[in-house]
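First subunit A sits with subunit B, and in the next complex the same chain sits with subunit C.
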Partner chain A sequence: MTTTIATTPSMSAATPWIRRIPLVVVLMLIPMAAINLVAFILPVARLAMISFIESRSGGVLTDTFTLENYIDFFTDSFSVELISNSLLLGFIVTLATLICAYPIALFLHRVSPRWRNFLFVITISPLLVSSVVRTYGWMVLLGDQGVVNGLLMSAGIIQTPVRLVNNSLGVYIGMVEVLIPYMALSLIAGFGRLDMVFEEAAASLGANSWTRFRRVILPLTMPGIALGCLLCFVLAISSFITPKLLGGGRVFLLATEIYDQAVIQLEWPSAAATSVIVLIIFGLALALYSRVVKRFD
Partner chain B sequence: MHCLAKKYLSAALFSATILAGNQIAHAADITVMGYRGPFEENYVKAVVEPFMQAHPDIKVTYYGVQNAATSLGNMRAQRNAPQVNAVIYDLSVAKIAKEEGLVAELDTAKLPNYADLADVGKELAGAAIPITYDTLSLIYNRDAFPQAPTSWETLWDPKQDGKVIIPAQGGGDIQAILLTIIANRLAGEDDYKETIEPGVEKLVELAPHVQTWEPKPDAYTLVANGTASVSIGYNARSQFYTDHTEGRMQSVGPEEGTASQINVISALENAPEQEATETFINYALSPEAQAAFAQVMFYAPTNAKADVDEATRKRIPLMDPAQREKLIAVDWMSIGDMRDDILRPWRRQIIPAGR
Partner chain C sequence: MSSAELREHAPAAPIWDAKTPADPTFLKLKGVTKSYGGGFLAVDDLDINLPKGKLLGLLGPSGCGKTTTLRMIAGLQDITSGTISIEGDDISQRPPYRRDIGLVFQNYALFPHMTVAENVAFGLDMRGVSKSEARGRVEEALEMVRLPGYGARKPKEMSGGQQQRVALARALVIRPRILLLDEPLSNLDAKLRDDMRVEIREIQQRLEITTVFVTHDQVEALTMCDLVGVMHGGKLAQLGTPEDIYERPANLFVAEFVGRANVLGCEIEAVDRVRIGSSTYPCDTKGASSGKATAALRPHRIQLSPSRDRSLVSIATNSTHGKVVRVTYIGDVVQYDIDIGGSVLTTEVHTSSAGHSFRTGEKLLCEWKPEDMQIFKGGR
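And then the complex of A and B:
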């Protein structure tokens, strides 16, 4: 009796909300929700569980639960280096990608529709080739015996090869190239508000090209910039293949550390704890993004 | 007549069914997990196929994986219902598998060939039986060295600045662990259990000369194609690559001695077909299987009775009495406990010194 009285108000409050969703929509959502549950939520839950398992020396898993893996991460100065390296990579690569992709996206937005589709396909065509293959291409181009060093040496600009790969510089170059199509796509998607009419109005009022860009174009393209930056930042700090191939083992990042902990050191609980921390960083980036986007709406 | 023929036919069919049933009852399918690439290719040819010819009632499928860690991952994932019957992997990883209860403790008395195995790497008894021995070698590009190097000190030679490759994987790779122990000896400290500090300092000196700590696709290829001139690698793979690069990449067991890596074979706990698995393991330890694999892949056999021809013996440092004399002993049972102590300086001192 008591139960009935207690649940009645909440049920009546929930009813209108549920009724607003048509049954067919609920049925259509079930397959995707089931796939998400099996392929994402359950594995992540399992990962989170492993992060609390204690491991003995050498990576032997035990049945004991502990917070040690998280305590070890946050008390180890190397973790600070990992987080700062990953965030720095994320910021620098995102900024460089934005600078490279923004003029391309603006040009594509303004070009005549006759050429737009063709140029659009050219812009995203690198995505047709695996990023691993493209990264190997960079290794060939930037290596000590690569095309770039070869040209510089034959031109007499340098006497010995400059180290362009197997370090942070190589990772930055490779990552920017890999992410430019993603940034360009996001920018174009977010340029919906931009209309030549506003620029013409600003010009008729005496604004020079720099002022038009700063006061008209940039604010109107901010949603695209925010979207592109979020996407590239998340892809950059979670990137693994490119830093692994171009970093020469010198660039320590969160993603490469997870791989090393799991596959080289066999420390699955530590790898799981680091993964959960990366997931939290992603969550924070998304929350920050939502706040930034709200300011432009 | 017609009735009689029918009776004969029925009897024949009945007998055939019984025989087929018997055949099925004796037949076993087992899966052996191990390293992929050249190891898989040659192991199947030298061991698995001859075994199946000798035991037509047992079918063996070889399942190749990237490395021992991947094998451990699969074993953990299939703990309750293993899809694999036996695994070939590294001794240090086998220790973890044993402690987690993933592998069966075989009764070595039931494996006649076990008694003929050398003593090295037998610490885990029937849970992980040594199947191949390998050693760390100095590998070099033939064209970069008119005279073959003979010492580990070649890695520190200033002439090789920017041409040295160390496959370290952040210090976690077994080759990096072995190099730490070797560097420790070069710096005057013979007992790595006492301290590895001299070795770390020696490796810090090496760091600025290193081109990459994670060669892609691997050190052998980069040395063979001249991207680097000198590196470290396992002898078995080095010999294999020497043959496949027309000798552009060469290897040597340095005069200061080298250290060994041990691959073992384990039967999985809770896996079916234990009898067939034990039959295969016993065959894999036999002199003929060990010799056949040594001939094609240059791993030192663990069976002392394996008869390997002279030309192959010359290419396996562990089969050279002089090199065996100088072998640096590594206690793989305690390396797990030391891993953090080895990893820490690699990440904080050695690799950063070469940035």
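And then the complex of A and C:
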């Protein structure tokens, strides 16, 4: 991003770009760079390394490098199920979160400034409560004796309780609620270009409300949608507390598998290999995001 | 129509060029009112008839209701009461996308995610015009605004003036029944504004499209429009030709808002003269024979000459002696502020290469024609 860095005209183009960065900028970047190096880049490098190490039974690490961990992963049919479960969770939860959060974000974007800040705080206030607590709340609500089943039965819509928890449905419901604030935040952040005047212009040119949404609002909010989807997809695939609690041990995902491999089976190299595969999925999602953003910029 | 009738002209009365056989009520606003909560009337019982092919300028200070009026015609704001019709077709309750109106916004409002061609084609697409026909009409419209071949560009790659032309092309390509322009020139710099003024007027006249133009700039209103509606506090202060508005303002607000005017308190002595200070001046009081009044006098309608020329003064003109208290050189004119005993008259004299002739402290004779002094009932 050399274009954003202020340069004085006296500096020639031949000067290496790094030398053209003002000293104060370098100094201000150092703390974050150091933290990132120690707390992110080095651990990830170490993780990638462990994924290539051979382990003996009981989780003892050897000094031998091997591709065994990856070969095991890809030859196991259970892995296919893990990947497809995780991707399905990622897509469904992201889409459902988008559908729930989009109207909220659009409303917050349009509401008068007098109310905006207050409503904005309300929207993101669930973040003040730990997702573990909220997940337990959902277990109570969605259980066989829970409020939701109770209401549906007393309304006569169902005769026997519907299984809403300890399965994928429960995980989806819980995840969507956990992720809505993140999605709403990202959407609002990406709605910068959306202005009422574009809708008015479209209306004057003959576009009804559906066409205005499709041809004007949706494309203009695409940066926000892409950002929110990326964030929620990554969070959905990497979360394991909510799937573990609401899945009741019956929903198998990459994140829960990594936890089991590392903490229960003590198979660190296998866990590391699975983690690297998750990282690659995230990398692909990021690449897709950049393409969408470029396309709609 | 006599000037006296014009001054007392009710807004609903038609004013149009007698040569034009056009429908005098192509666009008709009848009792149009917009009120917000708390009883505030943004637009108060507006009656306007606009003949086909004419350009109406709505002129007024900010908050006078001119933009609200335009937005109600466009359907972007609900009307509280009254009707708006085009060719007798009541569109008051119709949503904007079914009004067949071309609208140009102050900040252009070009869709940033579309190219220029896509922007211009948008309205055609909404009307189900075939792709091939649309392509031709888009190129035609871009040629009309002198931007041929710019179709592939994105709006952000164009200057403000170019974006404004694209906005105009986008509004006109759909061949709307009327064209609405909301302060279209106010975001352009002065030189470009002059060019665009001429260009918009030329296109409007060539297409003979009935147009409503909102502006706070009196020069735009006077130079471009067939009719000018001066708005004040949600009401129409005067509706007339630019010349009516400037030469025969219906009230003090119009006299002061359009052009500049010296405003002097006076006492009506008879139907043909008023007293200002200790002097009496002949003028038309519009029938009033007594009471307090206000006189308005344009600075450049006052003739200045050295005091000694008194003998040349015609009895048909008003005159008074005064002393120059301030000289302001503006370039094309020099402004002399002249103390005429109690009040100060602002006057303007065109400059010449010989320089300006009067100095501070000099005694001068100020003269003006009785018909150049407008009298409005009521003091200040």
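For this structure, a couple of remarks:
Here is the rule we go by: the second predicted complex is superposed on the first by the 279 of 297 C-alpha atoms of A that agree within 3 Å, B and C clash if a C-alpha of one lies under 4 Å from a C-alpha of the other, contacts with A are read in each partner's own complex, and residues count from 1 in each chain.
As a working rule, a residue touches a chain if its C-beta (ideal position, glycine included) is under 8 Å from a C-beta of that chain, and two chains touch if they have at least 3 such contacts.
Only a predicted model underlies this, so the values are computations on that prediction, with no experimental measurement involved.
Because the two structures share subunit A, they can be overlaid on it, and in that overlay subunit B and subunit C fit beside each other without clashing.
In the superposed model, A:Ser204 makes contact with subunit C only, not with subunit B. Legend: residue contacts after superposition of the two complexes on their common chain; A:Val60 is shown touching subunit B, with no touch to subunit C. Of the two partner chains placed around the shared chain by superposition, neither subunit B nor subunit C is touched by A:Ile35. Of the two partner chains, neither subunit B nor subunit C is touched by A:Leu286.
Once the two complexes are laid over each other on the shared chain, residue contacts for A:Arg250 go to subunit B alone; subunit C is not touched.
In the superposed model, more residues of subunit A are touched by B than by the other of subunit B and subunit C. The gap separating subunit B from subunit C in the superposed three-chain model is 46 Å, by closest C-alpha atoms. Residues 67, 69-70, 72-73, 76, 92-93, 95-96, 99-100, 162, 168-170, 172-173, 211-214, 216, 226-227, 335-337, 339-340, 343, 347-348, 351, 354-355 of subunit B touch subunit A in their complex. Taken in their complex, subunit C has these residues touching subunit A: 74-76, 95-103, 105, 107, 109-113, 122-123, 126-127, 170-171, 174. Here subunit A touches subunit B in the complex through residues 56-61, 78, 136, 139, 143-145, 161, 163, 166-167, 244-245, 247-250, 252, 260, 262-266, 268, going by the rule given at the top.
Against subunit C, in their complex, subunit A makes its touches with residues 193, 195, 197-198, 200-208, 211, 215-216, 219-220, 222, 296.
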